[in-house]
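Below, chain A partners chain B and then partners chain C, in two separate complexes.
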Partner chain A sequence: MNLKRVLAIAFKETLQVWRDPRSLAIALLMPLMQLGLLGYGVSLDVRHVALCVYDQENSQASRGLIQQFVASNWFAVVRNLHTERELRAAMDRSQCIGAVTIPRNFTRVLDTTGAVSVQAVFDATDVNTTNIAIGYAQGVVALATTNFGQAWAQGHGVQPQTVGMIDLEPRVMFNEGLDSRNFIIPGVVAVILGLVGAQLTSLTVSREWERGTMEQLISTPVSALELMLGKLVPYFVVGLVDAAFCLTAAVFWFQVPFRGGIATLALTTMLYTLVVLGIGYLVSVRIRSQLGASQVALLLTMMPTTLLSGYTFPIDQMPPAVQAITLLVYPRYFVTILRAVFLKGSTLGELISPILGLIIFAVGLIWIAARAFRKRLD
Partner chain B sequence: MSDLAVQAEGLTKRFGAFVAVDHLDLGIAKGEVVGFIGPNGAGKSTTIRMLCGLLQPSAGRAVVAGFDVGRQPEAVREHIGYMSQKFSLYGDLTVRENLRFFGGLYEVPRQDIDARMRNAIAMAGLEGRENALVQTLAGGWKQRLALGCAILHRPPVLFLDEPTSGVEPEARRKFWDLIHQLAADAVTILVSTHYMEEAEYCNRIALINAGRLVAIGSPGELRRRELGGTLYDLSCDALGAAVAALREAPGVIDAAIFSDRLHVLMQGDSTSLQPFLASHGITAGVPAPIVPSLEDVFVQLVTRPHATGASA
Partner chain C sequence: MFRRLQVMLMKEFLELRRDRWAMFRLIVPLLIQVIVFGYAATFTVSHVSMTVLDLDHSQASRALVSHFAANGRFDLVDNATSRQQVNADIDAGRAMIAVVIDAGFARNLDNGRTAPLQVMVDGTNSNTALIALGYISQIVALYQAETLQSAWPASAGAAAPSITISMRERPWYNEDLADRWFFIPGVIGTLAFMQVISLTAFAVVREREVGTLEQIMVSPIRPFEFILGKTLPFFLIGLADVSLVTTVGVLWFGVPFVGSIWVLLLGTSLFLLAALGMGLLLSTLSRTQQQAFALNFFLVNPFLVLSGFAFPIAAMPRVLQWFTVINPLRYFLVVIRAVLLKGVGLDIVWPSMLAMAGLGIAMLTLSILRFSKSLD
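On to the complex of A and B.
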């Protein structure tokens, strides 16, 4: 290992990255673009669902219920309706996703029997949004029930827990405190860095083969390890800049709470970047065309990362055999680390097992990649 | 052995069933410029790549600068300079950046690098264009710069694989001047080319065809020894009849029509030619000895079936 040669390669590679606008654009813009797309696209939350209200009673109690919908922030009342026909028309024209009808005798029935039904109609074209909206609606109604119920129970001298019009849905309870974006974004950052990092290095060796410069390079005394380290240095910097971009956007743009330590975040990010660049480099060493290398790197990283890293589909809900496979999907370790550092404020010591996972990958990949590179033409 | 900078014994390279280099023996003394001549696909590049440690020999061995190419390829690489057939500097780097890069790879001492880079730039004639991107340079400059990069570490042995192919004649001559300057500094150089006239610039030339070494020697030696006689030029009428008659004449090895004249390769006294042709009713001029081109030699060698023996 000769530091001078590593530096010579690192310097040369840096110049080439700098003069190749395509690579630089991929390196610096793609991650932010992807974060924008995935950050918004993957969000499981539904906010400000357009709601129409047909309040037939227009009493203090009925207005109170509507106020509960608005106050939840999950719904926005876009129109007040006055007839059944208007309601039909609003749904037909997609002016709203849901319409709530409060019956004429709402207050009286509630007061005398302690149970009343409120009709809610939902447009199920977008099944996902509608399911979530229904869940929220039930949550709102349940909350209102509790309030009304307590007042009613006091007025009638019975125990409050015996009253209730609608069963509480656990999902609504669970989701009331939890913003899925906080959970998703750190995972998205891990996935993006994984994809972009492997792409960066996947071209670096194959480009030398394609342009014919490799033959000259391997006629020099440079060793496989020196070549690899020299080539990884500039991309390591680029990878860390990308990580800094994405993590900053996560905190300041997507407002994910950051409860951990900067040092923990920095160290684990560096480790993960090393693994990711190593994957791309290994592909690059084995495949001598740039297009092929980039495609293989994409295939190797895209599918397992999106499906098996646990960033959208929870690993603990997968069948045991698939769970075992995810041990090989290195982004899962960083998804775990980032979530824990962001949301739980975990320290290095608490993250020892995913960190060990990444270390094993980093060392293994560098060892394999250095051995896989042959200074031979045949 | 110790006087040889390059020594190959039975060097062979097979790609599947195809034998690219077939039991090649070659010895190059220190400070020699040896031209490696042969048609495309003859095995020149494959041989050079084996000598540089870039291809593993299928059989045989080679020692370059005192190191075995099969067993000590890294030691070989430290002691050689190599210019591959395809231009292989970085087009998106400047002249200076390319030089600095190779200087770093070859561990040129810090105190020497600036002087050597200046030398290389002067040698390539690139003063004033140090900061030009290499992809903007014309062929001749590129090749001289590539040579400059290959010798930054002052290697004792230099392998140049068709360094002048695709380069204009003026630039080719300049390139050969550089080769001779290096040879004057005791650098051993094996340079391949398919330009026959460039062979004249070499101390010795090695002719290779279909993976086999056909002949090796100085240009003068090859002309004398390999042709086996002296080449004469003469004018006559009835060229066709003359060729047929001359092929039966005593001392004549070969006779051929060369535009409107005859070329006769023969041993012994040329004064017998005129009377011999007169006896066949053909009027001929006085035969004049001419210097055969190496191309003549090469064609003779590869068309002669027994011409496989090589003398080192």
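On to the complex of A and C.
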């Protein structure tokens, strides 16, 4: 391998990038645009669940219970219902996500037996929202039990219970506010770099074919390995600038807590950029039209990175067979790394297994890509 | 007129069949999406790794631990013996949840004092953490209710010592809370949307790029017939997409089809109309296929993300919510979920239908206007 030849190719490629400012601007701005879109658009937070109330009793006690729902701030009462039919219609029209029915004999049953039950209907078309809303509602009802119990004991002059209450003290680590943005943004950065990086290099070799400069290139003494390295260098720089943009925006704009080391972040980002550029280059060598190459690169990167990298759908909840497949979805390693570096402040040593995954991909891809290019015109 | 249209249609299908990449683009996303959303994508939390540190070693603490184990949603990965071990489990990601029962737990309960129960959660995945915390508090509430009941001697009187209000929840339209029922309708919409737009945009731009557009213009075909001939094949492909994935979803993945097939058909037609309009509009904005590709990615991706197919629109910032008003996919997802899961009819989904029709007409008109101008 001759370093001079690598530099010559790199210089030529840089010139090409430089003289096409529009493409360069797109390459630098698109990631930020996507980050804005996904950073704001992808949220799983459930707040102010629209709640309908069907209070059949309308007593002090039943109103008190409803007040608990309102006071929790998790629910917003949007409608009061008066009939069963209204309830069905409100749900059908998606006017509310949950509907609480308080039975006609709520107070009497409560006073005589001490145990009463209310019914809550949820619109389960959106499963995740429903799951969380049910959790909230159970929390509200549990709190109501305590409050009603205290009031009851006071009203009846009964001594406080002889049985102690369990006080649940949840302590959330790493993402203290349970803000879904802190979970999603690091993943989004990995996904965007994966998409953009592959797009960048997917055009490099196919462009030579399309413009007819391939014959000239082949007639030079450059070797396949030198060509690849030379072509990757400028895009490596562009990719790293993209990464720096996105990571800076994640920290300063989206305020994702950053607890790890800059060096850890830089090293792993470079490794990932290498893998991503390698994929694009491989596609570019294989497909001779620019359009085809960028389309195939998009297909190869888009679906796996968005669906199977774990950036929204947790991998550990997938069936084992799919979990095995995700081992091949290289962005998953970077998603893991970024999250750990951002939220947990993990060090290189703690991240050894995902880093090893990326290294295997980087070496394998470079090896295949370097061999894939043949100095032949057929 | 029909003769000319027929010829045009034949030409389009021929071109599609000869385009290797087009077939690739049609089939591969379909397969991946159906498999992933049918089997893999889930927000449900069923296996939460948990570590327990029981410093009390009492009957009460063991009973509480067995409640966690019996719930079925938690996998006990470790019985820790020290706080350091608990912290290490959480830090290394071996356990997502740690329950610490302090010494004196049982004694506090027996003496009527408050017994703290510490729960540590790895909040990295906020969604999973939130749901898991919900499970934990339900289990603890259940355990508490049992202790209260057993502690109250039957002789103490008719009234119970304390009051319990419980909630019986009934998830309508998807009683088992199956993720697929939510995702598969989303796949139907997004696939048809992506494919129809990119096929339409590319078909027109290709003619322009290759230079055959002028040839067609000198033929006796009228602009209206040309547009119809260009869009009809993709309308049919979109229809095939929707029927195919719906059939697979219903027969293979067990997604219910409660509503009327005619409402769905009407909704699909209006939706495809809007998608065709968008595709044509894209084609008038780009000169080369390369540009069409870039534009397609730039514009279609936001429409997909901001459609509510996986992430609820209600959770988005206000500005993005406004943007979804011009998103035909958003309305189609409302219609298809309503038809498949809720079984409601036109009397309820008509606003969404109207919105799609309006968007479709607006975009088609706009693109035809731009199109005829670009030919002059």
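Criterion: the second predicted complex is superposed on the first by the 245 of 378 C-alpha atoms of A that agree within 3 Å, B and C clash if a C-alpha of one lies under 4 Å from a C-alpha of the other, contacts with A are read in each partner's own complex, and residues count from 1 in each chain.
Criterion: a contact is a pair of C-beta atoms (placed from the backbone, for glycine too) under 8 Å apart; a residue touches a chain by one contact, two chains touch by 3 or more.
Source: prediction; values computed, not measured.
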Quiz item: Does chain A have more residues touched by chain B or by chain C?
Solution: C
Exercise. Applying the touch criterion given at the start, work out whether A:K4 contacts chain B, chain C, both or neither, answering first, second, both or neither.
Key: first
Quiz item: Which holds for A:T312: it touches chain B only (first), chain C only (second), both, or neither?
Solution: second
Practice problem: For A:E215, decide between first (touching chain B), second (touching chain C), both and neither. | Solution: first
Exercise. With the two complexes superposed on chain A, say which partner A:L377 touches: chain B (first), chain C (second), both, or neither.
Key: first
Quiz prompt | First (chain B), second (chain C), both or neither touched by A:I368 | solution = neither
Quiz item: Which of the two partners, first being chain B and second being chain C, lies in contact with A:L267: first, second, both, or neither?
Solution: neither
Quiz item: When the two structures are overlaid on chain A, which partner does A:K12 contact: first (chain B), second (chain C), both, or neither?
Solution: first
Practice problem: Figure out whether A:V109 sits in contact with chain B (first) or chain C (second), or with both, or with neither. | Solution: neither
Exercise. Please write out, lowest number first, the residues of chain A touched by both chain B and chain C across the two complexes.
Key: none
Quiz item: What residues of chain A sit close enough to touch chain B in their complex?
Solution: 2, 4-5, 7-9, 11-12, 15-16, 19-20, 211-223, 375-378
Self-check item: Touching residues (chain side chain C, partner chain A) in the complex
Solution: 21, 24-25, 28-29, 32-33, 36-37, 39-47, 49, 90-93, 108-131, 133-138, 140-141, 143-144, 147-148, 151-152, 159-175, 177-179, 181-182, 289-290, 293-294, 297-298, 301-302, 305-306, 310-312, 314-317, 320, 334, 337-338, 341-342, 344, 348
Self-check item: Residues of chain B that touch chain A when the two form their complex
Solution: 15, 49, 52-56, 73-74, 77-78, 80, 82-84, 86-93, 97, 100-107, 146, 149
Quiz item: Residues of chain A touching chain C in their complex?
Solution: 26, 30, 33-34, 37-38, 40-47, 65, 91-94, 110, 112-132, 134-139, 141-142, 144-145, 148-149, 152-153, 156, 158, 160-180, 182-183, 290-292, 294-296, 298-299, 303-304, 307-308, 312-314, 316-319, 321-322, 339-340, 343-344, 350
